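The next part holds the structures, each set out as structure tokens.
What follows is a pair of complexes built around chain A, which joins chain B in one and chain C in the other.
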Partner chain A sequence: MNLSFETFLPLAPVILLSLTAVLVMLAVSIKRNHCVSYWITIAGQLAALVSIFALDGFAVDRVATPVTDLILIDGHAYFYGALVIFASLVCTVFLRNFIESYGNNKEEVYMLLLIAAVGGLVLVSSSHMAGFFIGLELLSVPVYGMVAYTHERSRSLEAGVKYLILSAAASAFLLFGMALVYAQTGTMLFADLADKLAEHGGYLAGFGIAMIVIAMCFKLSLAPFHLWTPDVYQGAPAPVGALLATASKLAIIAILIRFLGHITSDLTAVLQPVLAVIAIVSIAVGNFLALTQTNLKRMLAYSSIAHMGYLLIALIAGNSVDVVSANVYLLTYVVTSLAAFGAISALSHGGNALDAEEVNHYRGLFYRSPALAVALTLVMLSLAGIPLTAGFIGKFYIFMTGVTTSSWILLAALIIGSGLGLYYYLRVMVALYDRTGNSQADNVPAARASVAIVILLVVLVLWLGVYPQPALEFINTLH
Partner chain B sequence: MIAIPMEQGLAVAGVLFTLGLVGVMVRRNILFLLMCLEVMMNAAALAFIVAGSRWGAPDGQVMFILILTLAAAEASIGLAIVLQFYRRHHSLDIDVASEMRG
Partner chain C sequence: MSIDAIAHNWSFAVYIFGVIFICAFMLAIPVFMGGRSKGRAKTEPFESGIVSVGGARLRLSAKFYLIAMFFVIFDIEALFLYAWSVSVRESGWPGFIEVFIFVSVLLVGLIYIWRLGALDWSSETRRRRIKDEANAKTAATTNSN
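Presenting the complex of A and B:
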């Protein structure tokens, strides 16, 4: 194979982000300066984002370009890549306010964030099991460190230990599954998988694919593999929670869509009912357990389990993955979740023992910080899927997928789940405007930059909800 | 040299993997948990070697090296967390740190 500059050009975003991580490391080793590290991180991510557009990542006539066997860059890879960078960029801003008051070393967290973003980019564009594996680990391993970063808090440490052990076990499942598929078929290329499976098919490969799917369900925190999610979301610092809920989830969904697109139809026929049960159980477990939560982070964790269940409907209803619905849903979910965790980050400080995470913290927020309270209200409406917000558009697309494929049971789960969701999201909203509300004690001033970003995200939520046409047309042109 | 049949090699890997998995589920000491994870990873690596030798291709060995690298990275982060854990709780029992519920 002839390797030249042009071969690697489509990888520019990955290379730029990796270089930024090295730069931050060098800057830290020369002189610790929070501000410098922060701006290098921001600049690197902006450059990576710009490079996607500069490479005509979204041109209508672009063809999928392979970079060696490991990586295939197409419109979807760039779309998910841009979303991953956007999410990590927003998390960087949240992190700065949060980590400013943290007593220990502050700068390394940006390095970990950048490496995780690189992992996300590799994951969404990989077309080979090795790329899949490297991307996934590059995404997960730095996040262990980020979850346990504020290790003076015992909850952060506990969450780090739990995430490390369970996530590593899932990785082992993934690897063993890959080994079985390779043993049976002799290929690790996604593109060859369907042919070789049809040629050599057998129980070993089927077992291997089942193990891979289990590992993916674990990373997406779908029930019954969701047990780690609430503890990790609660214990992790709020900005890290934002990264876990958005960048990490969407990169894994992207690779799952690619992977499912490459296996044979008789295997899909076996997987479909299993995944349908997983989707329904996730929706039920997520919504029912969220009902009783008094901790906002924990509630968001359970609601993310339910949201992943909704998203799974787009992947399994009908004979093929409904990529457009999945993309629309992911876009709306990422923007909304970022805003939700952003609001928590804005009120939390790394120096304190706990984040502003109890619903009681938010009682009467409207009278202390009206802009943030209104933003949080709109975010909750969007999570519940109320019309005129982004969440509604996402849910509407999933609903349409269900209707066109006549998956009535899945649709029933979606509708009942959304009804339940309304209750606990409304409870948070009511607390925001409760005048009898408490607490001068934990009256932390909201961080300005984070509030500004949250408001921007909420404007985006409203824009997607009121005038979704441009975004939908854009998603339809991806290929 | 007598070639080892693929089924037997995979069976050994499967037994190792199961041992590791059972260990992760029943052990409560974090160090042992990390070791059991290592066993699971290495079982997968062994399965790759066996699969690679069936197809006479280097891919399995390449994956082995990648898995080795990952296991090292994971152990380094894991041990860093274990150090902090021991400093705080003066114990390596994972149930000591279990304050989040619900």
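Presenting the complex of A and C:
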């Protein structure tokens, strides 16, 4: 194999992010300085983001370029990669204000964040079981550390350990599934999978693929595998929750779409009803359990279960994955979730025993910090899928997928779930404008940089909701 | 299924059955055939030999685990270098560059853990105390002079 500079050029974002992680490590070992580490992280991520656009990542005429067997970089890989970097960049800004007041070592969290972003990039572009697994672990392992980063809080430590153990169990499922698929087909390449599956009959590979899908469902916290989600979201520091809800979810969705695209239709026919049940149960469980939550982080966790259920509809309705709907939904979901967790991060401080996570913390926020309260209102509207916000566009696409494939049961679940969702999102909004005083959180100042980013994200939410055409056209050109 | 296959599978089934039967037999037969003696020492986990002293839950310093982990990390480095060393000529300059990147990343890691104080055996507070004591001693001797 002839390796040259051009071979590795499409990997520029990955290389830049890895380099940044090493630079942060070097900077920490020379002199511990929060500000320096932060700016190196920001600069590295911006460079990686620019490199994606500079490489003609989204050029209409670009062809998918394989980099060795492990990685295949196409328009979708670039799209998801850009979203992963965008999410981690936003999380970095949220992290800064949060970690500033934290008593222990502050800088390592950026290292972990960068490594997780590298993992996300590898995952979204992998075309081989090995790349798949390496990417997934590279994405998850730093996140364990980030979840337990504020280990003085017992909840954070508990969440970290819980996530570590359950996630490791899911990874074991994934590995065993891969082994079974390999035992049957003798290939680890996604591209060869369909041919080899059709060639060698037998049920081993079917079991293997089922196990891989189970592991993915676990990582996406879909319904029967969702039990870890609320605890981990609650225990994780708010900015880490943002990363967990966006970058990690979307990278896994990306690989799931790619993977499902490569297996034979008789296997997808078996998987489809199972995944449909998982989607419906996720929507039901997520929405019903969110109804009674008084903790905003737990509520967002349950709502993310429901949202992943909605997203699954795009993946399973009809005979093939509706990639455009999934992409539109993911885009709107990522922007909205980032803003929601950003609002929590803006009011939370690493030095305190708890984040601002109870709904009570937000009582009367409008009279203390009007901009943030209005932003949070719009975010809640977007999560509920009200027109003129991004959430509506995403949900509309999922709805259209359901209609065109006449999946009426899935559609019914979507509609009933959205109706239920409205209740708990509205409850948060009501609290924001409540005039009764709030003794708990009156003195917590909102971090200005985080608020600014939240407002920017909300502007993006509105822009996607009011004038979605450019974004939709852009997604349609991906291939 | 051919006769051969059935015969093959049948012998395997007999084998499995035999294994289960022997285990069950060995566990069950003493209950009916053998007597049972009771005694204070009989209920202890160690029936013979020296009577155990203290619990098995020793508290080891976390440093041991740390060192073990560093060993694993840098041992892996050596392992990859072995793989490279047998193919130095074949992998050529690209291989060399790759190994160079690999080793330099690990070197940065080594610098990092060194600066973090992870390679120092005694804890930071203890080191400071020893230093303070030494300073006090030198101060005392200079005063007496």
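Just so we're on the same page, the second predicted complex is superposed on the first by the 475 of 479 C-alpha atoms of A that agree within 3 Å, B and C clash if a C-alpha of one lies under 4 Å from a C-alpha of the other, contacts with A are read in each partner's own complex, and residues count from 1 in each chain.
Please note the rule applied: a residue touches a chain if its C-beta (ideal position, glycine included) is under 8 Å from a C-beta of that chain, and two chains touch if they have at least 3 such contacts.
Owing to the predicted nature of the structure, the values given are computational and were not obtained by experimental measurement.
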Aligned on chain A, chain B and chain C: do they clash or fit?
fit
C-alpha centroid angle, chain C to chain B via chain A, nearest 10°:
20
In the superposed arrangement, which partner chain does A:25 touch: chain B (first), chain C (second), both, or neither?
second
Mind working out whether A:358 is in touch with chain B, chain C, both or neither, as first, second, both or neither?
neither
Looking at the overlay, does A:292 come into contact with chain B only (first), chain C only (second), both, or neither?
first
Contact breadth on chain A, by residue count: chain C or chain B:
B
On the combined arrangement from the superposition, state the nearest Cα-Cα distance between chain B and chain C in Å.
6
Parts of chain B lying in touch with chain A, wherever the complex brings them together:
6, 10, 13, 17, 20-21, 24, 30, 33-34, 37, 40-41, 43-45, 47-48, 50-52, 54-55, 57, 59-60, 62-63, 66-67, 70, 73-74, 77-78, 80-81, 84-85, 88, 94, 97-100, 102
Please output the residues of chain C touching chain A within their complex, sorted ascending.
94, 105, 108-109, 111-112, 114-116
Chain B contact footprint on chain A (complex, rising order)
129-130, 133-134, 137, 141, 144-145, 148, 151, 154-155, 157-161, 164-165, 168-169, 171-172, 175-176, 178-180, 182-183, 186, 188, 204, 230-231, 234-235, 289, 292-293, 295, 298
Counting only contacts in the complex, chain A reaches chain C at residues 3, 22, 25-26, 28-30
